[in-house]
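Please find the structures below.
In the two complexes that follow, chain A is the common piece, with chain B as its partner first and chain C second.
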Partner chain A sequence: MATGYHIVVCGGIVPDPLQTLEPIETPAGPGLKNEMLLPAVLDPWSGHALYEAANLAAHSPGSKVWLVSLGAKAKLQQVMMTIAQKVSFELIAIDGPGSGFTDAHAAAELLAAAIQSIADLDRTRLLLFGGWESASRGAGVTLQLIGARLGIQDQFLGVDQLTSQPDGSFEILERIEGGRHQVSLCQGPPALLGWATGNLPEPRNNPQVGMANMRTVMPALQRAKTSTLAQSALRYQTVRPPQQQRHTRVVKDLTAEGVAQEIVEWIATD
Partner chain B sequence: MNRKQPSFFDGEHSHHHGEPMTTSILFLAHVDELGKTLPKPAFEALGAAVDLAQQCGAILTIGLIGGEIQHAADSLASAGAAKILAVAGPDFALPRFASDALAAEGICRAANPELILAPSTSRFLRALPVLAHRLQGRVDTHVSSLRLENGALTATRWFYRQRLEGVFHRQERPWLVMLDSGCHEPWCGTPAKAIVEEIPVTLPPAAKRTTITGTRSPKSDAQTIRPDAALLFVAGAGWTKKQSDGKPHPQEAEKLILEFLRLSTASLGGSKSLVDQSGENQAVLGFMTHLNQVGQTGATPRHPKGLSTCCHGEEPHVVGWRFINERRAINLDPNCGWARGKADVLYVADAFEVMAKVNLLLAELTKTEEKIVAASD
Partner chain C sequence: MSAEVPDSTLPSERQQMDVDIACVGFGPAMGGFLTTLLRKMLNPDGTPRFESHSIPGAPLQVICYERAEGLGFGVSGAVTRGRGIRSSFPDLDLSQIPMAVPVKKEELIYLLDPSRASRRSLALRTIDRLIRAFGPLLRLPLQALELPFIPGFLNKHDGFVLSLGQFNQWVAEQLTSSGLLQIWPGTPVSQPLIEDQAVVGIRLADQGTDLSGSPETGFLPGMDIRAALTVVGDGPVGAVGRGIDSHFGLPKGHEHSEWALGMKMVIELREDSGLEPGTVLHTLGFPEPEIFGFLYAHTNRLASVGIFIPSWFRSPVRTAYRYLQHFVMHPYLWRYLKGGTLKSWGAKSLQESGRLAEPYLAGNGFARIGEGSGSTNVLRGSGIDEAWTTGTQLAEAVVELLEQNQPFTQHNLENTYVRRRRASWLEQESLTAAHSRNGFQKGVVRGLLGMALAGFTKGHLALPRHRSSNQNNSSLEDAFAGRISAEDLKRMKTEAASRGLPLHDLIMNRCGWPEIPYDGKLLVSHQDALLMGGSVQAPPGYANHVVFVRPEVCRECEAKLCVEMCSGQAITRGDEGVPQFDREKCIFCGACLWNCSAPAEGAPGNVDFRAGAGGLHSALN
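Here is the complex of A and B:
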């Protein structure tokens, strides 16, 4: 009997969080000005999911990790140069629009089809990982929609911890309101986990891991089919950055007592 | 740009051709953990649903999920709903994806609505997106407002971590819209005896593979995350850096911050750089976890006021503070990003000194209030 998990991580690429974003109109809908020139990173929450997947696989012999990513091929290649040095995985690349303005339902359809096409994927051992939402669309629905298409009955969102039990079940900690975690026991795979930050630090770059990954990453990028999203009736009226600029009062010459008095009065005001 | 191409932008005042009229709205909610009432965001979503139903002339139905729902249903009896549907019982008391999704599906199939409004609670964010797939509809989450314009329904939400705001509409129905909290006045009305139509839903064994065993709070001396607090106190990495004497004072920082949280009942947020320090073998604040993190990879909480201390950087903190109304900051650097139009007031001062004085003043205020209460008793 086969052991270990087949972990599929869904992760998109997003503009570096420190970049200023300017929306523009394109024939395909709203987009970002100079989107192809903006430095990109693996979506932060997907990154956490990938590191948790690699850690789980390392502690569960017979496991394998796939990273399924939808985005422009050139940007995927740029991001993979960094990510491939962190942890071991096999890339399934889909060359298509990864913008935050695309419809989550259409993206889920493409991603689910890509997962279903993985030849040696054992669906009885499947753990579908991803971020609990993205730093682009930020909807937190794509993963569940993929799970629906794959018929996964056990889904968890905002996961910070997964602990394997001796009987093959999992204990899962999910974020809920009030800074607490809900604790669940799941009988085992197949299951879907949308990760929050987890508990692992970002792995250091390992050139050996990078070289091993690149043997499969580059062919995967070359094989990546150009895909288009299904037609959607989603229409945007406006997309704009917030205009609010505050007039900041800079207080330099007040003593600590004076500042404290002002703050306490301000806190007490309704 | 080729203007002959079909545009995904409508323009603000265009008419939405082909937009279906909304004639039936389902407000969907679950009871809170105690099983007595609805969570606060549900009353806000109900407020939006009632307003919208009146504007559209649509029939409003209420759907409830929980172990015991009669008390919650009674509290909504005067909301003007045509009927109240419910899936109730021990199988539906606790938040679990499979049972919640089946319960919501049962209610939706019975109500057959064009528009489904629900609060963005952790329970529903987990369970409801799949509902849109099952009903062959569409889902949008974290919606901050819904408006009826020229007969068409438009939704507003943020993209790219609160950096761009988009207004959009959809033709697909049913349309499941999950509203963020703090974006609409909560509905309030007089409780009355409600007539509830229960929808029978039987869970298959596959829906019971997961059991909920309880909740757990992070290991810390105090509960530091308070979503309903009037003030968000944000601590930055500066609290753990070397101070004027050339040494870091993390223990003093911990004491000052915890004392302030106790006295002010504020909620605590942390910058990513501070939260990440525990993995980098640097001095850390023991009670600060990733759950406290605000910003790009953290939360964007909604509070009326925010006070940031020892925070540097700009865009990540700005994102975390997008929904804070009044913002003040204490920082030693007058040229910090906060000074450039992000905060209302920037105090150029030592946060250690200021917060020690603030705690003294708050303690005095608390004592005075206690004396007044004792005297009036």
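Here is the complex of A and C:
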């Protein structure tokens, strides 16, 4: 009998949130100014999911990890060079729009189809991982929609911890209000887990992992089909950037209490 | 191949991996090397042309490690004639490279000092008076004189303006998409592996350490990457290049005596700035006579604006950031830049000794390319294309040796790579430029005359060379004699120390430099520039890469130029006189390495600049 899990991580890419992001209107709808110039990163929430998947797989012999990612091929390639040294995975790349201004249903349709096309995927051992939130402009529902399309009924969101029990079941901690967790028991795969931050640090770069991954990553990128999203009725009425986060003002000789008071007033006006 | 997951337990023993060619640093030189090599790695039928010796049966294994978190990290406002780059890409379509544009207009401008706060020699003051006297005739409302011509050795009229970051990214995408070689960012290389006077590979930096380098949870000793050939392109302050220099020394008579810090901003211009893409402005005269500057207009209403602070600028407060702000606000430039927004910012050290600091270009198992190999042409003010060309020359040599199944010995590399380099335009122009900076140690006017002499005579004539005794030892009292009294200086030092302020700001204010009118968009504090100009990254688990070797030397040091010159304000005056280093602010400019006032045996000073991860990452640089 086969053992271990088949873990599919849905991980999108986003422009580096630390860069200046400026929404603009494009002929194709909302977009970001100079988006193709901006460095891309794996969506930080997806990153947590990927590292948790790798950790779970490493402790569950016979497991495999796939990373399914939708985005512009050039950007996907860029991102792979920064994460493929960290953990082992097999990439399923879909060359398509990854702006975040996409209809979650259409994106879920593409991603679910890509997962269904994985030849040696054992759906009885499937754990579908992804980010609970997204640093993109997405609605944050894509993962659940993929799960629905794959018929996965056990769905957990805001997950910080997954513990395998000796009988094959899982204990899952989901975030709830007040910094506490809801503890759930799940009989095992198939299940969907939308990860919060988890508890793992970012893995170290390991050149041997990188060498092994690149035997599959580049062919996967070369094979990646260019896909367009299904026509959607979704229309954006308005798009605006997040509220201004930075106000520079030079004030000399202000006391700590004065600084605190100014900050409180500034927050109150926000 | 499936991704069967190995146990994630990290090895505590040092691991080893064998490849055929290990490359260090991904900049234009490595771009040229890998681009040229890649094109020769397959037969016409698509089969691998060269078999690996490290993994028998596999194709040639080529791997490149880069310290920065991304491959588009380059910090350079770049205008280049692009002869080498065009040679690699004869059908180069600049529209495919974001922010690239052909040079449309080029000017050389002498900037007067509107605030009259800069330190100018009698000769320059006389020149300034003459210019101002004839101002109405010359029509100089903008405090600047557009020089009537640009010497041939300086002009880039047939070249193009680049964002080095975008160019590197463009090159990297083509390279990595081939699947034939690997380039890994975020992976610092700590040192060369040297055995029996041969370089046998490289050692990656340890991970999972505390700031002092001691192992912590998740410790992963840096892997040894053993290779038949190590290609060193880690720039002027790279740990591998300096490690090789330290072990093998430099050729007789060569030394790293001339440096500069280049600092730049990328500015989004207001819509009606009137600055045409492809405009190239070279400036001199302001903010200090020793500081040259530039403005390059890209596409998309973006412009790179920057200055160079040379090591022969004898000021102990040669801070770059505030000078850059004054430069941006000079009336001649401000008419374009006013109303703009800071989009990116960065700084880097430039090895300005050029040919006079050329290391051994090849040895058993290694070859040097790029800026660290002395390729920068200081007469032309050009380095990117030269660096690229060194890479292409090495790749051609490597292919020749692979075809002949010859080992990468010093003899073979000299007969192939070094021979190509010596026979090329690169060498000829490098020799022309070698002594062109000779006059600057004795003053700017003399330096400019020396440049002209070397340039117009193609290097046949040059001023005599005055070795920089120790360019960093000018005291505050000497530097500001006649302008600020010793008592005032002492008071300023005390104030700066007690309030934790940079001394240079106090001194510049005292000298008459106007305060910067912060606007929160373009004129922002130094720390805001770090935040707005990209992202400064310092992944956890690495040791501090700036180390003050002998604390007692720092305690005795009054100038603390390392603090004044630190581009990211990552080095601050610490307790008990020993500077503190904050790696989360370091942008890896390397200025601390050559701005240490303290002499040290076998090193530029008391600062050890080691391999580290992260740094500034801004796509627009």
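Keep in mind that, in the parts below, the second predicted complex is superposed on the first by the 240 of 270 C-alpha atoms of A that agree within 3 Å, B and C clash if a C-alpha of one lies under 4 Å from a C-alpha of the other, contacts with A are read in each partner's own complex, and residues count from 1 in each chain.
Here is the rule we go by: contacts are C-beta pairs under 8 Å (C-beta built on N, C-alpha and C of every residue); 3 or more make two chains touch, one makes a residue touch a chain.
Just so you know, these numbers come straight off a predicted model, no measurement behind them.
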item	value
Which superposed partner A:Ala74 touches (first chain B, second chain C, both, neither)	second
Touched partner set for A:Asn34, first chain B, second chain C, both or neither	second
Which superposed partner A:Leu18 touches (first chain B, second chain C, both, neither)	both
Touched partner set for A:Ile263, first chain B, second chain C, both or neither	first
Chain B versus chain C as contact partner of A:Trp66, first or second or both or neither	second
Touching partner for A:Ala233 - first (chain B), second (chain C), both, neither	first
Of chain B and chain C, the chain that contacts the larger number of chain A residues	B
Which of chain B and chain C A:Arg125 touches, first, second, both or neither	neither
Chain B versus chain C as contact partner of A:Pro201, first or second or both or neither	both
Set of chain A residues, in rising order, touched by both chain B and chain C	18, 20, 201, 246-250
Sites on chain A touched by chain B in the complex	14-15, 17-18, 20-21, 23, 25-30, 44-45, 100-101, 103-105, 135-141, 144-145, 147-149, 153-158, 160, 171, 173-187, 196-197, 199, 201, 232-242, 245-252, 254, 256-257, 259-264, 266-268
Residues of chain A defined as touching chain C within the complex	16, 18-20, 34, 36-39, 54-55, 57-59, 63-66, 74, 77-78, 81-82, 85, 87-90, 120, 201-208, 210-216, 218-219, 221-222, 246-250
Residues of chain C touching chain A in the complex	1-10, 15, 17, 63, 69-72, 98-99, 166, 169, 172-173, 176-179, 182-187, 204, 207-208, 218, 220, 223, 225, 300, 343, 518, 520, 524-525, 528, 531-532, 534-535, 539-541, 617-620
Chain B - residues contacting chain A, complex	1-2, 5-12, 14, 16, 39, 95-98, 121-123, 125-127, 129-130, 132-134, 138-142, 154, 158-161, 163-172, 206-207, 209-218, 223-227, 230-231, 264, 276, 279-280, 290-293, 296-297, 305, 307, 315-316, 319, 322, 326-328, 330, 334, 338-350, 353-358, 360-362, 365
